[in-house]
Structure formats: C-alpha cells, structure tokens
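There are two complexes below, and they share subunit A, which is joined by subunit B in the first and by subunit C in the second.
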Partner chain A sequence: MKVLSKTKLEAALNKLSESNEVFVPMQKKAQSGYYPWTSFVSGDEIMLEALNVYQSPKGAVLPQTEKMYQIKQGGMEIKIDKTFEDDHPTIIFGARGCDVKGILAMDEVFLTRGYEDSFYKARRSANTIIANACYEPGSNCFCNAMEVNAVDPAGADVILRDAGEAFVWEVKTEKGEAVTAIIADLLEEKEVQLPQSKPFNQKVDYSGVAEKLKTMFDHPLWDKLSASCINCGMCTFVCPSCYCFDIQVKMWGEEGYRFRAWDSCMFEEYSREAGGGNPRGASKERFRQRFLHKLEFFTERYGTPLCTGCGRCMIVCPTDVNIVRIIDAVKEAEVNA
Partner chain B sequence: MKEITSKLQEIATRLFNEGKIDVFLAWEKGEQEFQTKSYIAHSVDDVKNIIFNEYSIYNVSNALLKLRDGHEKIGIAVKGCDSRGVVRLLEDLQITRDRLYIIGIPCPGLKDPLAAARSFGGLGKKESDQGLAKKCLECIQPNPVIYDELVGPEQTPRQQGDRFAQVREIEQMSADERYKFWEDTLSTCIRCYACRQVCVACDCRTCIFDEMKPQWVGRETNTTDNMMYHLVKHAHMAGRCIECGECERVCPVGIPLMLLNRKLIKDVGELFGGTEAGLQYTEGAKPALSVFKENDPDNFQ
Partner chain C sequence: MPDKDHKCTCSEQPLVPKVVEVIDIIDRTPDVKSFFVRNVDGNGLPFQVAPGQCGMVSMPIGEAMISCTWQEEQEHLEFAIKRVGLLTDELHQIEIGQQIGVRGPYGNGFPVEACKGKDMVFIAGGIGLAPLRSFIKYCFKHREDYGKITILYGSRSQADLCFKEELFDLWPKESNTEVFVTIDNAEPDWNGHVGFVPAYLEELNPSSAGAVAVVCGPPIMIKFVLQSLEKMGYNDDQVITTLEMRMKCGIGKCGRCNIGSEFICLDGPVYYLRQLRDLPPEW
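Now for the complex of A and B:
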C-alpha cells in the first residue's frame, strides 16, 4: 500500500501548498481549527493525531465572511462591477469523517434541488478532501449513529490512515489522484499494520427520531430542554454542518459590496421580519428550531440528518445543552395521538 | 459542599412550602461528573435536583433576566460574583428586591466545567489537570454582598498581587504595539456573542449589535468589525462589569476579555472613585456613567 511517512509530512504539506491552499488542523496558541499550512509558525502544532480541533473545516468551502460582488450606483441604476466567485484550489488535509459529512450536507443544500449557489460551487469544485480515518472515537463522538463511517468516510478524495510511523495514503477519486501526483515522490510502497477500530462510548439511537419529531412541535419537552440555553451562537459556529448565512451590504456613498456572513438561528435578529415581528421571538423557539433542523427537517428533505455526531456543541456549550440527551428525550417522550 | 447542597434544598423546600417563592434559581447536575448548569426549580418536587458542587461556577444571576418581566417570587442561590450580578440588576431596575429571596454562599473557589469538557472531549491539546478556574483565582469578592440568608463559612479573597498588572503591561506598550496586540487578539473572534449572552451586566432589551436600522456594527468577521464589537461591548461595561469572568471563561476561542474589563475597572476607579460595580446595594444608587447632570464639569463630547 501507499504510505506517507510522518517524517515527510511537512515536506508533503509544503509541496501541496505550492499549488493549493492547504487547510490543516492546527493548534495556534489558545485556538484550534483548520488553518492554511502557510500560516504555520513556530509554536503552532499540527493536530492530525488529536481526535479533532474546535473549528471545523467548513470555512474552506463556506468562509465565515465571503465577499460576493461589488456594486456601483449611478442615479437609479445599479451596476455590478465584479463578482467574487473564488475557485482557487484548496485542500482540506486531515478532516475527520464527521466533518466531511458536514461538507456533504452543504453540497446538498448549495448544489441540489434546482439551484446551484455559484459562490459555493466555485470553491467546492476546486476543493479536495484528504480525510483522516478515525479509529478511536472520543468521549463525545456519536457519528456512527448519524450515518457517518468514521473509518471509511464517504466524500473523501483521499483517506489517510494513521499507522504509527506513517499514514496510509488511500486514493478514492480522480481529485484524489491529482493531489497524489503532486507528492508522488514522497510516497512509498510499504505494508503497514492498520489500527483496530475502538468502540464508541456514546450510545445513540437516532432511528425513528425524525419521524417522531413531526408530531412534537408543541411538545412540553422543549421548555425543559431549552431552560438553560442562553442563545449564544457558539454551537452553530463550531458545528461542521450549520450553513445558515445572511447577505448584507456595505456601501460608501455610491460604491460598496455585498457579502455573506455566517448567521445563527440562535440569534433573535436571524428570524426578525422587516416589519419587526419575529416568529421565533422566544429563546425556546430558536432552540427548538436548531434541533428540529438538525434532526427532522433536513432528514425530511435530504434523507440524512444534519447532525454529524462530532460532539463539538456538547463540549463548548456554556450551559451544557447536550444533543445526545435531546435525541434520548425525544425517543422517550410520550406523544399524545 | 454536600452540606451546602442539603442546606440549599432545605431552604428551598421551606420557601416553597411557606409560599414565599414560586421558583428557585440555582444549579443542577449536568451530563458529566464535571458539568453543572443553571437550574430553575418550579416546585417543591424539583428541589431534589438542586445542587452546589465544585463546578457550580455559572453565574446564575444571569438567569434572572429570563424572569424580569414576570411576577414570580424568586428564591436564588448566589456566590460572591453572582450576588454582585443581582446588585447590578437591582440598580438597573431589571428586577425588584421584594421579588427576591437571596441565599448567599461564600464561595471557596470552583473549577471550570468547560475546561474539563475540553480535556474530556479530546478536541485540541490535552489540558493539564484542572485546579481552580482562572476567574476564581482572580476573585476579589468570594462572599455574597447581598443576601437574606447565608450558608457556609466566610471565605477570603483569592486574588494575589497586583490585580491590574497585565493591564499596566499593555498600557506601557506604544500605540502601535497595543494596536497590533488587540488586532491579533480580536482577529480570532467568531462573533458567537457568547460573551454577551452570558453577561449579567448586558441587560439591554435591544442590543446595539442586533439593531439593523441603523446597523451600528457590521457583520463581517474582520479586524474592523470585530474590534468595533469588542470595544463597544466592553466600553458599555465601564462601571458595570462585576468581574465575574464569565465572558472570558465561555469564550470558545480563548480571547482574554477580562483584560478589557479590568482596564475599564481601573480607569473608572481612577476617574470616578467610589465603590466598584455591584459591590454594595443602596436603593436608588446609580453606578458611574449612568447619571447625567446638567452641571457636569465636562462638556458632552
């Protein structure tokens, strides 16, 4: 099998970075997330051997802030000067299965059902995913329950398998072939021992949840579950699959640009209407929206849940909201027919 | 702490039975051993869920904001920092004193459940064993400043040395160095607004950052908008920050927000003197920068 020795990892990242922006899981001071390899400075650490990093790689295909087009106004006329569909080649290096699934979910949203988002399409077409197979689930992981194969993640162009001294380099697609060609001289043919998959610590049963939730919009359990939530947007911003955005404009006199920026269903402003009304004015309603979207609506529309089981929201939540317990609570809830 | 828990449960039961309260705010056990979250008990049946343990760090005074428009009589358990939050809400007329029955807990210093969750969850670097939370090591007021009943022995402040040492370091920098420092520090903000949501002093009904007409602060995550957000948010905290440290504790990207708050605490202290925010409740008293006087010696600028 093809392997990339860990001693050659940095060389490979350098090589790949000559023609691609390569996003690598890194620890930078107090932060961890996917950062461009070229931003690596002394003191930073590559986090391929850690379970995962805080910030998911979704920003590589859907940046938190993205310029869309430049506008010039002349009297009643508005002219679009320039659009910013960005198709520079990018590689996400070392994404875990849960995070790859997050991107596949966004593919559904932005590229299917009759409308293609040209900005997303440009980035995504030029993006290659080198996944990092996951053999040892962490304490909060439950991707197995959310239709993710941690060892053989769907959507990966190349799969890395950590075999101690080296990564097995398994090419899956044509895009994968193309990036492999760049570093071909750094790869070796070698037989190595693959790690054994360890069992999941979280036991989650999602079966029937989407269906059952259809009858639970007004269920009293939402009051109880949402009681501690303070409606910050942390869970949505660290989530590998939350893709909601807002489009806004910045003008200076007659010139300006339109951009989009991540938005969060947790914010009051998100669902505020032009007239000032808000269908989700209360904290509970916004909370319910988030979990119904993750566990019911997305499954109804696309046939797979929007939660990928990465467990990040359970780690960062300052008020201990726990999506696994929400799934359990839905399973156990009594529903009056 | 077990004693405090049973004492709290005992008091809450008594208050419910005597009809003195409709709800009781405290903490309940979370998912993991190290997780404890804010809790609203609604009846005597809920009392068994009330807990005070080494992770009851969440500032429960923040939960009063959820009840500010109601008429419920509220029992609330507060540590030193939480009690300062209660004072702030009273000063801002967000809640009335006669709705509250306050149980004070002199706080021995607690651990941070979020730091424990990070270590447990395996994201990023493993963190070393958790001692007391940073905010607890920097605590100047472990004893509640307002209460109807006190539970447990008095504690001594844990803050050691110069509380403003780091602020002074930054003040010493040249303007360019300082700008660079804040530019780097704030560039990582993801604008999740957790620092605002968890803040008891942020009690505005409509937040400036949520306003659209006009939109005071842009929504882009870039240096300009991030700085605008933090500087405006923290400037609003001048004379109001009760130093509970929750904003810094919950920040998912580790921004040292208390540096900004301490700078303002220091400045307000030097410029106006007087008691620091929330340290003492006097009915009708207003914190610095909350009063307008026509004969103010300074011009309105």
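Now for the complex of A and C:
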C-alpha cells in the first residue's frame, strides 16, 4: 500500500502548497481550526491527531464572508460588471468523515434543485478533500448514527489512515489522483498495520426520528428543550453543515460590493420581514427551526440528516443544549395521535 | 444544471442581478408605486415571467423579492412596490431613467392550466392584489378558458386601493365578471361597501361548485378568509394562496424562507391549501 511517512508530512504539505491552498487542522494560540498551511508559524501545532478541531473546514468552500460582485453607482447609472467567483485550487487536508459529510450536504444545497450557485461551484470544483479516517471515536462523537462512515468516509478524494509511523494514502477519485501525483516522490510502497476500530461512546438511535418529528411540531417538549437556549449562534458557527447565509453590501460612496456571510437561524433578524413581522420571532421557534432542519426538514428534502454527528455544538454550547439528548427526548416523547 | 423538477431559466450566475432601466413610474396609492423596467440598451427584458412569479429587485442598499406583473406582450417588467423598509424607501425616491438591478424569474407561479374550466374567485387585500392581478389579467386574455370571474378586493381606505382603473373601469366591463370593492372604515365620499374582506366574502357567498378561490393579502386577512371559505364549502383543493417570508437568495439556498422542508422562494410562493395543511403551521 501507499504510505506517507509522518517524517515527510511537512515536506508533503509544502509541496502541495506550491499549487494549492492547503487547509490543515491546527492549533493557533487559543484557536483551532483549518488554516492555510502557509500560515503555519513557530508555536502553531498540526492537529491531525485531534478528532475535531474547533472550526470545521466548511470555510474552504463557503467562506465566512465572500465577495460576490462589484457595484458602481453614478448618477442614474449602476454597473455590475465584475463578479468574484474564486476557483483557486484548494485542498482540505485531514478532514474527518463528519466534516466531509457536511460538505456533501452543502453540495446538495448549492449544486442541485434547479440552481447552481456559481460562487460555491467555483470553489468546490477546485477543491480536493483528503480525509483522515477515524478509528477511535471521541466522547462526543456519534457520526455513525448520522449516516457517516468514519473509517471510509464517502466524498473523500484521498483517505489517510493513521498507522503510527506513517499515514496510509488511499486514493479514491481522479481529483485524488491529481494531488497524489504532486507528492508521488514522497510516498512509499509499504505494508503497515491498520488500527482496530473502537466502539462509539455515544449511543444514538436516529431511526424513525425524522418521521416522528413530523408529528411533533407543536409538542410541549420544545418549551422544555429550548428553555436554556440564549440564541447565541455558537452551534451554527462551529457546525460543519450549517450553511445559511446572509447577503449584504459594503459601499464606499459610489463604489462597493455585495457579499455574503454566514448567518444563523438563531438570530431574530434572520427571518424578520421588512414590515416587522417574524414567523420565528420567539427563541423557542428559532430553536425548534434549527433542530427540525437538522433532523427532519433536510432529511425530507435531501434524503439524509443535516447533522453529521461531530459533537461540536454540544461542546461549545454555553447552556448545555445537547443534540443527542434532543434525539433521545424525541424518541421517548409521547405523541397524541 | 437545471434538474427535472424545475423549469429553470436562470443564468449561469443566478445571484448576480442584471442592470435594467426604470422607464416609467406610476403612483398607485400614497405608499405603492409601480416601476416599469426594461434592459438598459432599450431592447427586451432581462427575463419573462409567468403569472405569480417574482423577481429580486435591487439598489446598492439591498435586494427584495417582489411580485412581477404578467402581461401578454412583455415589453417591460412591472413591479408594484409598497414602501415598507430600507430598500423600498429608497426605490420610492428614484426617478424615471434610474438604473436598478433585477434577477429572476423566481417561484412557481399560479396553476393557470389546472384552473381552466373553473369559476374563479379572486380575494385580495391591500398590496396583495399585485400578484393576483397577473392571474386576473391572464384569465381575461384567455377568457373562454375560465368560467365566471368574481373579484373581491379590500383595503384600509379609499386612498389605499391599488389599480383603481382596472377595478372600477376595465374589469367590470369583462363578460361574466363581477368586481366587489370594500374599505375598512366609512369615508364621506365613499358610496361602496364598508367592512372587512372575510365578512364581505361570506355575505357575497360565491358558490363553491366548480370554483377555485385565489387569496392574497396580509396574513391576518388570509387567516380569516380561509376560515370563511371553509364555512362556505370550499375544500382544500379549491383554495390557492401565496406565502411571504423573508428572502435573500431567491433560489432555495440561503435558508431563511423555509416552512418545513419547503423553500417559499423556490417551491412556492403559490400553494393549494391542501399542500399547506401538510406543512408546519408557520404560515
């Protein structure tokens, strides 16, 4: 099998970075996330061994803010003659299966159902995913319950398997072949022992949840579950599949640009209408929207849940909202026929 | 890559507006104006619309989803816009010749084919007449395809009545057509009906036999009109309405206009009541 010795990891990242922006999980001071390899400085730490860094790699295909097009205004005239689709080659190096699933979910949203989003399409077409297989689930992991195969993640162009001294380098697609060619001279043929898969600590049963939720929109359980939520939006910020965006403008006098930015269904303004009305004006309504989108609505529309079981939201939530306990509560809830 | 579920006529860059020129502006009421636009080079339109479809209208300050008026010979696009927020405030200050951005067409539009052969009952309140007007115009262009046409329209006051020429001069002259107009409160120079739309509807009681009711207006009006229609014997397949939600992208991506798993901008805004009954009660 092809392997990349860990001693050659930095050389490989350097080589890949010559022709690609390579996003690598890193600890940078108090923050962790997927950062461009070229930003690596002394004191930073590569975090390929960590299961989930704080920030998912979704920003590589859907940046937190993204310019869309230039606007020029003068007198009665408006000019929109420059757009900012960005198709520079990128690699996400070391994405876990849950995060790859998040990107697959975004592919469904942005590239199907009638319209292809030109900005997403440009980035995604030029994006290669080198996934990192998980053999030992963390204490908050439950991706196995959310249709993710952590050892053999769908959507990966290359799969890395941590075999101690080296990563097994398993090519899955043509895009994978292309990036493999760049570092071919750093790879070796060698038989190594693969780790054993360990069981998940979280026991989650999603079966039937989407169907049951369809009957639970007005269930009193939402009052109880949402009581502690302060609508801070942390869960949507760290979520590898939360893709909702806002469109805003920045003008300096007569020139500027329209851009989009991550938004959050947790915020009151998100669904507030021009006349002041808001179908989800109350905290509980926004809370319910988020969990129904993750567990019911997305499944109805795209055939798979929008939660990928990464566990980040449970870690960051300041008020201990826990999606696993929500799934459990739904499973246990009594529903009046 | 348009898929089979949507008759997509979008460009390669669906989120990027086309610049058009405002060639006429008509004051409809103190806070509603119609804006007529066409391509900047004077030739043609950025897109064609079916009755009930919408377009995203933009100035540098922002964008909003606005119903676009259908007409048989589309030489310009018309947007009837009420002044309610930042963008619409600014639009109400522009003059003829101003360039603005538009993109579309968005949404499913009215089921004009499925309604053929039916008696049509149009029920609108306030600016809600704007989308129905497209369907009404379509029916009159294809008069023989539809049965009796009943139009019931209400607004807060006389001054707030939109499309007065059509309401009082053009539509009443059409064959087998009745037009009823009401305002919320009595005014000295108003000889017409006074009262809310749902009560007037029940008083008029247009027969549900072979009829379809199409409803658009403020949410509170829609709510009570739906109750009235049910009382009058209209079943859920005989009632059509249009929904409104906050929208940003218009193409089912940005998230916020969902009701359940439907995106109103893309899958709606037009729904049969039977379809709405299957959605969470957020409409």
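Convention: the second predicted complex is superposed on the first by the 336 of 337 C-alpha atoms of A that agree within 3 Å, B and C clash if a C-alpha of one lies under 4 Å from a C-alpha of the other, contacts with A are read in each partner's own complex, and residues count from 1 in each chain.
Just so it is clear, a contact is a pair of C-beta atoms (placed from the backbone, for glycine too) under 8 Å apart; a residue touches a chain by one contact, two chains touch by 3 or more.
Since the structure is predicted, the reported quantities are computational estimates derived from the model, not experimental observations.
Taken together through their common subunit A, the two structures put subunit B and subunit C side by side without a clash.
With both structures placed on the common chain, the touch criterion links A:277 to subunit C but leaves subunit B unconnected. Seen from the CA centre of subunit A, the centres of subunit B and subunit C span an angle of about 90°, rounded to a multiple of 10. Looking at the shared chain after the overlay, A:325 reaches subunit B, while subunit C stays out of its contact range. By the touch criterion defined above, A:218 reaches subunit C but does not reach subunit B. Legend: residue contacts after superposition of the two complexes on their common chain; A:311 is shown touching subunit B, with no touch to subunit C.
In the superposed model, A:231 makes contact with subunit B only, not with subunit C.
Applying the stated contact rule after C-alpha superposition, one finds that A:52 touches subunit B and leaves subunit C untouched.
In the superposed model, A:110 makes contact with subunit C only, not with subunit B.
Legend: residue contacts after superposition of the two complexes on their common chain; A:78 is shown touching subunit C, with no touch to subunit B. In the superposition on chain A, A:246 makes contact with both subunit B and subunit C. No C-alpha atom of subunit B lies closer than 6 Å to any C-alpha atom of subunit C in the overlay. Shared contact residues of subunit A, touching subunit B in one structure and subunit C in the other: 246, 263, 272. Within the complex formed with subunit A, the residues of subunit C that make contact are 1-3, 5-6, 8, 10, 12-19, 59-64, 84-88, 95, 97-101, 219, 244-246, 248-249, 251-261, 266, 280-283. Per the touch definition, subunit B reaches subunit A in the complex via residues 30-31, 35-40, 58, 62, 66, 113-114, 117-118, 120-125, 188, 190-194, 196-198, 210, 212, 215, 218-222, 246, 249-250, 252-254.
Only residues 68-69, 71, 73, 76-80, 83, 85, 109-119, 217-218, 243-247, 249, 251, 256, 260, 263, 265, 270-275, 277-280, 285, 289, 292-293, 296-298, 300-301 of subunit A touch subunit C when the two sit together in their complex. Subunit A makes touch with subunit B in their complex at residues 27, 29-32, 45, 47, 50-55, 64-65, 138-140, 227-228, 230-234, 236-238, 246, 248, 250, 259, 261-264, 267-269, 272, 283, 311-312, 314-316, 318-320, 322, 325.
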